[in-house]
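Chains here go by letter, A, B, C and D, matching the order in which they are written, and residues are numbered from 1 within each.
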Amino acid sequence: MKKLKLGVIGTGRIGKVHIATLVQSVPQAEVVAIADADLNSVEKVAKAFGIKTFFANYRDVIDHPEVEAVVICSPTDTHAQYIIEIARAGKHIFCEKPVDLSLKEIQGAIEEVRKAGVKLMVGFNRRFDPDFLKIKQLVESGKVGDPHILKITSRDPAPPPAEYSAVSGGMFMDMTIHDFDMARYITGSEVTEVYTNATVLVDPEIGKAGDVDTAIITLTFANGAIGVIDNSRKAVYGYDQRIEIFGSKGMACADNNYPENHRYFAADGVHSSLPLNFFMERYLESYANEMKIFCEAVINDLPLPVSGDDGLQSVAIALAAKKSYLEHRPVLLSEIF
Amino acid sequence: MKKLKLGVIGTGRIGKVHIATLVQSVPQAEVVAIADADLNSVEKVAKAFGIKTFFANYRDVIDHPEVEAVVICSPTDTHAQYIIEIARAGKHIFCEKPVDLSLKEIQGAIEEVRKAGVKLMVGFNRRFDPDFLKIKQLVESGKVGDPHILKITSRDPAPPPAEYSAVSGGMFMDMTIHDFDMARYITGSEVTEVYTNATVLVDPEIGKAGDVDTAIITLTFANGAIGVIDNSRKAVYGYDQRIEIFGSKGMACADNNYPENHRYFAADGVHSSLPLNFFMERYLESYANEMKIFCEAVINDLPLPVSGDDGLQSVAIALAAKKSYLEHRPVLLSEIF
Amino acid sequence: MKKLKLGVIGTGRIGKVHIATLVQSVPQAEVVAIADADLNSVEKVAKAFGIKTFFANYRDVIDHPEVEAVVICSPTDTHAQYIIEIARAGKHIFCEKPVDLSLKEIQGAIEEVRKAGVKLMVGFNRRFDPDFLKIKQLVESGKVGDPHILKITSRDPAPPPAEYSAVSGGMFMDMTIHDFDMARYITGSEVTEVYTNATVLVDPEIGKAGDVDTAIITLTFANGAIGVIDNSRKAVYGYDQRIEIFGSKGMACADNNYPENHRYFAADGVHSSLPLNFFMERYLESYANEMKIFCEAVINDLPLPVSGDDGLQSVAIALAAKKSYLEHRPVLLSEIF
Amino acid sequence: MKKLKLGVIGTGRIGKVHIATLVQSVPQAEVVAIADADLNSVEKVAKAFGIKTFFANYRDVIDHPEVEAVVICSPTDTHAQYIIEIARAGKHIFCEKPVDLSLKEIQGAIEEVRKAGVKLMVGFNRRFDPDFLKIKQLVESGKVGDPHILKITSRDPAPPPAEYSAVSGGMFMDMTIHDFDMARYITGSEVTEVYTNATVLVDPEIGKAGDVDTAIITLTFANGAIGVIDNSRKAVYGYDQRIEIFGSKGMACADNNYPENHRYFAADGVHSSLPLNFFMERYLESYANEMKIFCEAVINDLPLPVSGDDGLQSVAIALAAKKSYLEHRPVLLSEIF
């Protein structure tokens, strides 16, 4: 089997997820070098996964002669720059979401990728979740008919530290962005308008940091459908990820995912297990699928399923959602671009 | 609407169920007279349901000039005699299960019914439960294909008093008899052999009374299918009534029935309600359906869906099950008749 | 049992539902007189349900000496006037929703009811649905904690005739009004702001009549919670009625309701039955519960669970929803009153 | 991480499953040599999984100096002999089920293992399935109370070739043996008596080969519980693997396993996906768990969760089941030993 030789920049939470996935579950991949400014951390990760080459400087990964493609897992504000550097080095790119908080920066990076003729895929892993893939197939097969109403429920088990909000761009940019991408993916249509009703109900510190933790976001799509996303930073029962698409011919929905399917009938009621607790468990399979598809596509020069433009659009919707929240009115996407 | 004028003999537990059903939910019925040896009890029931005529002597119901049909809810050992008397009075009969504990008595009663040309229906109400009706339809439509394996789970929330066993004929005759009828009904085939593995795990008093409280009963059917019934006198989570039929083309199953369908997700798990607690709640609709069908059939001279022979067969299977238990071996139905 | 003697005005669709329920399932009720301008129709209904007295003129019901309480099932534009007339006649009132399309008219009617010292209950039957009652109980017991997000899905199997929109006040007033009441009921809080994203996707004729058929309505509550209702006039799979309440301690949800619970496993997939088709089946039990509670409360002089003010608030939210749709902006309830 | 160096004998269906699992999902394992009489086959497998050393002669694996433990995946009639040879070579053993068709042979092999002081684990992988593990935990935690009734449903999607029956020992020995082990595992008690009702309904060729394809097997346990297993060689809807344990304090059950959890609501019903098709998909995780536990236990000299005696007992029950079928009577386990 032809293997793709990969470098990874960033060995924080998502970096570790990708490295573990690539090493353990993607036979088409070989991780040849990794980098992180925190040399201590990168060394530990390298040892844990049997990767021989590691650096403190990300450039060393890009310049490594064996590296054919680079996976960007560094902080968001470095993404656009790294994309440009990797593209200019003539190597392929997998970049975590969001690409950047600025549309202009993203557009600049995409332009460099285009010029360099390399491939760029953005990390919307949920598109490769078996449940959501099935929903997408039902829409594409015509079984749902014309989409009328899209509903996404997306709730985290616990909020990140309040200070994270400043860095991440806030809830819409770091959490809901997955739902914005999913909304476009499932309906197969662009979002044209956003209205946000958001508030702080979980933790006042989040509010003090200028962010929200609970939201209902209404979407209008170019194809006439309407949609709604509901978010919370804290569901005491764990990670809650559901999709429903209602159309002229039927409705398809995907429920939460559970570690096993037992039921226990006792004198006080019927009981079953909580959903899988967080994204590393729930989306394990999607991370592996995503990387397999990326490697296959690079190896065989095939088109990628998530483009730079997909990264751009989801950030634009997040910006519109934030603007709608701040200005307390529906916001057209055309106001953002 | 033409109404059927009915008399009811016996105002114990099942008698009250039928009277309530007839008065409140069967527009085709008019209860004109009821009887119970316990005059105090029958008077209370009469008042509660607005029935003007009540007697201590069952003969008064049979002889009542307005009564066109009689519902027998008295103790089992009176059934055969009452059937004969009602038939000779030229009136139609609805008789609770079991018809009698002796096949010979039942055959004698059926013969009198035949001679008198009246109608007789036996109270296997579960045939009219919406869930089980759906399973029967799936079998009859051919969607299940040739039946291979039938599974019935039937568990009560709590055992009757141990002394009840002697009167009732024991678990196979008072409880499993419903499952024996259901087995014949769903498969559309006669039982040819029975093997019983039964024991006392719920209450030693039941064992002392010569009865069992937990059983697995294996059945062989004339059409080649095999089946199994599992019974318990005590499920702490309530009434448990399920059916599964597996065949060459598919499998159809009916789960328990619940008072509502909520789910509650808390930090310690997912919770929902217990099944409907006992037969009066679970089979409410089936009792009404059964009596509507009986009244309609008598009024319009139509065939009845549960015959005297159905009553006979289920008692025969119960006798075979008991014999199998006592002799610790598979027993042919042909040994019983 | 003490019975309440009732008159019913209006024998259209909902009138028939209430009469059937009162006659067949509410032992506390006796329907003594009914009226409908269409004498032919009222006569048929009277015969079908064994009601001896019927009129073409609604006043004859109000003035009927035996009538203690009147159920108003006539067209919406007559409700306020009839309430006033019945109140002045010193009789109790059950009025179908919406009470009126004008807040002023409703307030006037409520004032007359107050002066007359009679009881008034508005027909939000869904509050008495077993599934939704359970959700309410979980909220009230504190198990959900502070409410954060309320979600209601409410879809009809087929739209009413397009011309109905003009008479009914449109989708928000005739269909969503139930959901507005449910939103207030489940959260135990008033709605303070509404934003409507609505469109015409089911039938262009509905749009020509100035109405919508598909909507997502975002709500803000006085207690800080937020909520969303999604509506469609046409779900090809039947009636779709679901509620979910998410709070600081957990989430409670009620799924659709089904005629039975079978599953059929075939070579091409697992199949089960569609939900109960429409409100007459789905909410059968809630109609009976509602009328029992009304009769009990009148007979025993108890407070009623749905007040005139409940009727007023739901109409105000419907007006705000319509205004939000027309002006394409969030609308405060304070703008409506 | 300390790795266990393993050899594998036999590269047929189950051999490939174990090799793939060890190579891809068990970081504690290193497969250093494999053997199969079919040199062509073993070479292919070696290449596919990057294993450098392969042989036609199984002895070469046993004698390979690096091999610390051997996984036996060869035909059943070689198991006992290979166990003895590996034990005498002082290496640890993982042996596929059934250990042998003869109790005497198994007892002899166990004795040699004991003398050699090596470890032996038998491949009852289903004990490590997440659903069934959960059921086991509920029993062990006391939540089920005293076990009363155990129910196992186990149906294959399609029968093996009829000629396979002769080699495999027939349905009870190659298929039901998993259920016999599960019955002992879940109840924590030995089987004392078996009654088999079995027949040929799937394929007459199976009957001609002296085997059955459909069975209901009733079990009696030493702790007083009773149980039932239902088997079919052909479920058109795919692999069907369910467990239910009913006790004095409650009931725990595990349903089938599905590839994803979508539901599709159309005008003709509600539809969802079939269960995972066969053991390689359904039990994927259990195979990995089983091998991780085996490697960990050998590396750290810990006790193994499935012993040689577990292998012996399940074969004894299979022999009793066959005897019961042939002699048409309940058979005591004490008759077999």
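In this section, a residue touches a chain if its C-beta (ideal position, glycine included) is under 8 Å from a C-beta of that chain, and two chains touch if they have at least 3 such contacts.
Since the structure is predicted, the reported quantities are computational estimates derived from the model, not experimental observations.
The greatest centre-to-centre distance from chain C, using averaged C-alpha positions, is reached by D. In terms of C-beta pairs in contact, B-D outnumbers the other of C-D and B-D.
Of all residue numbers used where chain B meets chain C, over half belong to both copies. The two sides are thus made of the same residues.
Our note on geometry: chain C versus chain D, Cα centroid distance of 58 Å, whole angstroms. Mean C-alpha position of chain B lies 40 Å from that of chain C. Mean C-alpha positions place chain B and chain D at a centre distance of 42 Å.
Multi-chain contact residues of chain B, defined as those touching 2 or more other chains: 235-237, 249-251, 265-267, 273.
On the chain A side of its complex with chain D, the touching residues are 24-25, 27, 130-131, 133-135, 138, 143, 249-257, 259-267, 273. Those residues of chain B that touch chain D in the complex are listed here as 145-146, 148-149, 151, 153, 155, 195, 197-199, 201-202, 214-216, 218, 220, 224-228, 230, 232, 234-237, 240, 246, 248-251, 328-330. Residues 235-237, 265-267, 269-274 of chain B are the ones that touch chain A when the two sit in their complex.
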